[in-house]
């Protein structure tokens, strides 16, 4: 009987434990920082070395290396994250949104074609050179493209959230199982075309 | 000379005036409400009658009637807005996001197929009956569809912002002028298919 | 001994568990949504069916049906909730406040007399028809009244918080045990009158 | 013609000017402080001397001396304010709410009976001595009472908003013109009793 | 085996327990108040008596008595705290910052020299008398000094956070072990001078 | 007369204009972005080219190049900014705080010694290599030092505010005119030592 109660209790606690980890939030915190419960906290906790070799690597396909709360827990409660974007010649970062932050992109190598669309359906574009910055406002659809097929490009992006999130639109729309009929009606297209796009993205 | 100074000054003020109207923000306010500068404020200021005839109308195509800060200035600073969604038989509200709020949808007539995709690319769907509610989390791609071709459907949606904003994805992606090559690469498709979709949406 | 430590530990955890559930907060979240720890999350988690029969019911007394975080856990972290207000002929929603949100009321059946008082003690009133909306600013005292004794009225209200809270003033002031003398002095009345009102509200 | 345009323009600007002053908000600011446009800002701007004689005065009736954004503009954007509450023997601060902040009360002279009611209609009371503190949670109905008829009492209260606001419930409910019938129904009383209370508060 | 799993599980829970306590945050809460999990909550929970004797004590050295979330858990979620500052004649509160709140200081006895420096390196100073208030903007370096060697001074300060935090600059800079060379370069001084200051602060 | 009114009116508007520019705040905005009132907004508005040549320059002294709201107005309302930190061999960024944001530093060239002190007076240090990141929590004192006298170092830092602000502690404490006696008492030193440090910093 006691064992049953204990087990029940632990199940409840386990559920709560998992639940709470998902419930972390981005507001100002009431302490200097949020620490995971380790016996000793030192400078290593505030250090991320997972990108140590990033600048020496050869860029073969478009790659986003995120340094957000998921990869670097010390960011929890600090409302900031970074990402490194690496484009081979001709590489594209497909249209996407970040639900929880604006993005301030800084080109540190090569050049990029960038653009975003606001909620009035106006497209804003720019060609960026090394050392240029561009801001993609919060929640809006945007993309980057390295139009130079002979040279790779690298950018460092800052976000005003420890967990900006990313909604990749080709995948979200055409590779998650949304009904063909609904997509065909939505895009004023036909089921055959929708299926063709789905096939391309799933290959 | 004085005239020149005056004109310059007014231009600066005009610029600031336009700028400031765009800069309105959603946080808690330091007053009971924000009032436009009218000589007298009474109960009419807090009343919106633009939807008075909405329930009697015949629904011929999918229609969103927003009651947000733009239509109802008294909402400024109150962090809430509503919208009425009316679907004819077979009507669809294409995939879209609201950059600044979650949506809590309440079906008041008919039934709806709804869905959204989270940032891990998981699709969540549901069939809603009259009286059911569904919440679309903040910033995520979602849609609604009235699969009953013989009956219209109506929903009332609440938003936790006076200005949730809407990013319609078919329009944003394929009707704002994003370069065909960038779209073709992004959707792992070809320029011809992209142009076909663009043509459908622009007709 | 070990058993004693284990029990002590579990008590501490239990206390923390209860404590934490009360500590949930309304800010922007760092994830798409907050999930209770169930083994599988699907579309049902984001669906609320507790109001499915609400529109067919006969309205015999004033009724508020809340769909907030308490009833619909998926609203946690999404900063929005709704309520359905049903008034029989002559029904009143007594003066009250919502400590954590403004209310945007939408009349979907019948008509309502509404009013609120701001912090300068000014009363704002309005008569609303079907399809009209009215916003009650955050934290202010307000009421609704169906003055038509022959027709019921229904409203759907949106709130910019998942847990707006309600302070009913007749109950709060006269049915929670506040000392008669303090109330008599506060209302510049006498103990007999205070006790008469208390008696009416407790019957 | 030019004159007409100029006048129209100035009217628009004036409207905007008044409007904007009302729209001030409480969030974190992007500067060290918000300054009114004076030619020179020095230490006097951050100083409030309006309460310099407050501790020497004789307390004849209950008095609240607020030091909020309205009285002390330097508080704008700093999210804090204070008030001094002075009670003669037997003095009462009638039930009220602060829509925009919790109150942390510190008794610096005498003693006080205090209480508040939460949204579950539970009353919490306490008798406070000199040096004691009590917190009234945000938006809830509360009161203070100096039950010692022979000794005055003084408290200093802190608020987590530069403009907490106050809703005095006796005045709000019974001295702003809310319809007698609505109040009678709301308080489950009769029009004669409502009118008696109204008369007492208006005298 | 089961025992091992149980122990492992409890360790994980303990880690989470400690971690979560540190993660408390200051935003608006979704409940009236946050309660620790005690079997019964009454008025005592909202009362702090740790400062009951504060006004009768003799002030021998500068003393800050904080009433923040750490000392008074009921403040959690209420975004407000207070502190009592007591200065003997000639007493100083050294330059410091509060990372999470502005400070509104109220002189209740004696007089004080106060000052702060903004981010443009401008110093603002004032001499305060009994009953005067001064606001130190959020995050800026400030100090208070009782220049009257014959009279003590007392102030009550309000903060717009339940946990404002304090960074004492003499201690932070010269008594935490920052490398002498780095400090010498930073202060454009020499190692000997840095070590002299360090020695004074550590004695 | 009309002229006098006009002038008075314009003075009021000018005062408001200056005042409002200082009052800008960091919260979520109710629009996609905040625009200055230019006749046409295009991609250039969202682009910053002031750092185009930054990577080719020779680093002769420690230099911070900020890209915040002041330099790049499109960041207003987007809650993010970046800075480039360039250190010659042996260069130091003296102890300082950012009142309005945490800093996430990314070493893109060379190596850095970094450290910060929390509000419990604990020092956290680290030696960073190229590709490493370090987070300095919001509002805490921190520094960076390039201990390699033969090699320059460069870092890109992200901030979760469009206007993080900087409080340089050597300058704030010893070069803004704070009274020598107050500093001597605060640092438990003597006036001669304080004056020596002041002299070094002012030279």
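Each chain gets a letter, A, B, C, D, E and F, in the order it is written, and its residues are counted from 1.
One rule holds for everything that comes next: a contact is a pair of C-beta atoms (placed from the backbone, for glycine too) under 8 Å apart; a residue touches a chain by one contact, two chains touch by 3 or more.
None of the values given here were measured: they were computed from a predicted structure.
Counting only chains that touch, the fewest steps needed to get from chain A to chain D is 2.
Set against the C-alpha centre of chain C, every other chain centre is closer than that of F.
Distance from the centre of chain E peaks at B, each centre being the average of the chain's Cα atoms. In a homomeric contact, the two copies may use the same or different surfaces; for chain A and chain B, over half of the interface residue numbers are shared, pointing to the same surface.
Chain D and chain E, compared by their mean Cα positions, are separated by 26 Å.
Computed from the mean C-alpha positions, the centre of chain E lies at a distance of 24 Å from the centre of chain F.
If you average the Cα atoms of chain B and of chain F, the two centres end up 37 Å apart.
Residue positions of chain B touching 2 or more other chains: 13-14, 17, 20, 24-25, 27-28, 32, 76, 99-100, 115, 119, 138-140, 161-162, 165. Chain pairs that touch one another are A-B, A-C, A-E, A-F, B-C, B-D, B-F, C-D, C-E, D-E, D-F, E-F. Note for the complex: chain B touches chain C at residues 28, 32-33, 41-49, 51-55, 67, 72, 74-75, 78-82, 101-104, 106, 108, 115-116, 118-120, 124-126, 128-140, 156, 158-162. The residues of chain D lying in touch with chain C in their complex are 90, 92, 94-95, 97, 99-100, 113, 115, 117, 119, 121-123, 138-141, 143, 145, 165-179, 182-183, 185-189, 193, 196-197, 200-201, 203. Per the touch definition, chain D reaches chain B in the complex via residues 6, 9, 12-20, 22-27, 69, 76, 99-100, 161-163, 165. Across the complex, chain E meets chain C through its residues 10, 13-14, 17, 20, 24-25, 27-32, 34-38, 76-77.
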